[in-house]
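In the two assemblies presented below, subunit A is common to both, partnered first by subunit B and then by subunit C.
And then the complex of A and B:
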């Protein structure tokens, strides 16, 4: 084979092969000489294994063994209360006093339903879904001074908090969001700019289903009739008269709730939000509609 | 946020890598892959994302409509972040105990401006493992020395002891030795700041 043929062959190979980059180049064959293990009287003295002992005999001690000492990994007692800590959900707290302060300073709009997105938007509450944060835990500090009529959706709330909000004629719901939805809720603008369709919200994990289907905790999967029963029960327990929701001028706002599969108020899963042209792309295909409605 | 395979149409996006494995995303394709384009995806490895070619054989099969000026845009607007910190609308009462600054605050030869979150700029600095406590008043405008004298007198009267202070004219702050944050807040609110 002549040299021209070799050139043409290698050029044709180059054309069909992927582009040469740092990731797929290697040295020319034979350009590197690897060190060989020496033999003979002085060439092969110790072969880098040192003199005597386990180094030379390659019979190393087991990992953590301290030649007779009580080893470090056994010296400290096993602390079992940390078991499964990496799987536990965290709900960073927010007090009712803080919420009232946000309302007083017009950081959240109480004429609209409040959810985790509007709390984060206020700039005075942060959430890190990548650090196992699963939403806001509304705590009862400042329950006595709380005086706003709101429709709020939180991820965790105690009985006192529920009572404090319902006493003022408000509505509270506890709802679960999966971490992916929380990332989207944390910065909706950034998500819309990616041009992806709004995903569905996932259902709660097995150990959280009980909380979110219970009417006593105002779960979003609970039966609405049972919730109204529980509202009355709680008002009797804490001794306040329950304001009538039906005759309220803000009835529509107070009863506005998200679908269990919905992430944002008023925006359906499957829609693509175009911020630049201010338009919404809505799927019409039967297959897609069925997928997003499930 | 998401690794999206480059395509020509907005709807036909394929989520690959980690994001594709998230249950929410895995089926959010918006377009179906033809068998040959799937082959092209799986069999070839490109040195980097930027050098990989456009995926061409994706056929947009899903039907969608573009709605301009939709009524739902109000919900989108609600989600967009504040461009500026919202102005506080005056109310009859503030149940949280927050006090708005008053008009009379402008009549003093000195001025304490509120922080961006409308709080008083009075802080406690704890150092040396809680052994040294220093209360700091920041954002002072005007006659800082007069303000210093008045604070000293007020704290002495209230706590019945001499209180050391230090004035930093350039940084416009006054430090007082000891935890007097509540007293100072009380004083600032009484002056209308």
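And then the complex of A and C:
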């Protein structure tokens, strides 16, 4: 029988058969085993409970008891400082000095926007998303000698770092990547070889939303007009003249940003990248298009 | 370049006006439902370098033109070995107070009075900072000090804040209430010491 006939037969059966109730359904044969007390030579005698001791007398030792010595679950005391440690996000640091060294030795291309993928690709920064690493934290060590004009996207940056980058005419943005997106960014080739569609990047968790929507921290969800005002404020605080971005010939590169749902530059969620045939497969179904554009 | 931007704007206008966006498939870069355009519809979404707009009411709005200041760096003093000798973290910020046209003349006059003894022979006001290990932070410290100096010179008469004034008024009312209560008590005591008025019925 073809599949169409099977479905038609099933549907016709459904139409004619009575309503399903508890009275006319039963378990699959072999799914339930009824525990019956064993009888006879093999099942009887001690009935699987052994000889004497707590096992035969149903007077078992409590779970975790280690016959007198200090049990494992009591050895480690309560230390409230580690409460919630498994939920805390980590941002392995990278100093501005390291970044300057990378740029000087041409290990990262500054003619294009720099993101976490470029930093990992340089080979001098490692990230392990499975160990609660949520991205790169750019630290201020080397802020005094930093002298590169870049468009960089990090996951965490302090005010000093933002000032150091903007002083040199660059642009810094803080953006959130969920662990799945970070795995993909860490090794894009491996992901493309699986043949899966590029997923959407998720929005930040509730305790991080404020950071990523505020202009003072250059969040990727903040209003660029407010960010422009904050740039001026920071230049006044740290005592430098704000370089004119609009007159810069690299203005388009410096202000180039990913969409909040995008993982890769130039690639959309929903696309399947075929490395072997060097082509991109894009979805056509209306439902899929709507899902990936949400 | 300009032709491309014109086409870009035209297509963007088309997308905004089109009723069925699925047909157009968003040709200009991916735009999700949480893109900046949907989050901030009234914003230009452009990163600019805004010029400072001074507030008409205030004499000093907090803005300091950095190019009019003379900033130099030198090595800091104190312990630190080779690092403190080599790294120029001390910040020296100076400007000629009488020539500072970016300060309001009233404030400038007041500052000349206040820091008359502290100016150099040429009339330069010097602000130095080497409190931190970072040149960037020391410069921020100098800026803070300069801003505070100008703000202190701006203040001519010091009036207590409305909260303080309210507190003082409440204190005065309470003192009055206490005074009257004591007076009433004393009056009662005195009247009890007097012999009672005898009324011949």
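One rule holds in what follows: the second predicted complex is superposed on the first by the 216 of 294 C-alpha atoms of A that agree within 3 Å, B and C clash if a C-alpha of one lies under 4 Å from a C-alpha of the other, contacts with A are read in each partner's own complex, and residues count from 1 in each chain.
Criterion: a residue touches a chain if its C-beta (ideal position, glycine included) is under 8 Å from a C-beta of that chain, and two chains touch if they have at least 3 such contacts.
If you're wondering where the values come from, they're calculated on a predicted model, not measured in any experiment.
After superposition onto subunit A, partners subunit B and subunit C are found to sit side by side with no clash. Once the two complexes are overlaid on the shared chain, A:19 sits against subunit B while remaining clear of subunit C. Of the two partner chains, subunit C is the only one that A:140 touches; subunit B does not reach it.
Of the two partner chains, subunit C is the only one touched by A:293; subunit B is not. In the superposition on chain A, A:200 makes contact with both subunit B and subunit C.
Touch counts on subunit A: comparing subunit C and subunit B, the chain ahead is B.
Of the two partner chains, neither subunit B nor subunit C is touched by A:44. Shared-chain residue A:232: touches subunit C; no touch with subunit B. Nowhere in the superposition do the C-alpha atoms of subunit B and subunit C come closer than 10 Å. The contact surfaces that subunit B and subunit C form on subunit A in the two complexes overlap at residues 200. Subunit C contributes residues 22, 25-26, 29-36, 39-40, 43-50, 52, 62-64, 66-67, 69, 71, 87, 89, 93, 134-137, 139-140, 142-143 to its touches with subunit A in the complex. Across the complex, subunit A meets subunit C through its residues 140, 143-144, 160, 163-164, 171, 200, 203, 221, 223-225, 227-229, 231-232, 235-246, 254-255, 259-262, 268-269, 286, 289-290, 293-294.
Contact residues on subunit A toward subunit B in their complex (touch as defined above): 18-19, 21-24, 97, 100-101, 103-107, 109, 112, 117-118, 121, 123-124, 142, 145-148, 178, 180-181, 183, 187-192, 194-197, 199-200, 202, 264-267, 272-275, 277-285, 287-288, 291. Across the complex, subunit A is touched by residues 1-2, 4, 10-11, 13, 15, 22-25, 27-28, 30, 44-48, 51, 61-70, 72-76, 78-82, 85-89, 91, 94-98, 117-118 of subunit B.
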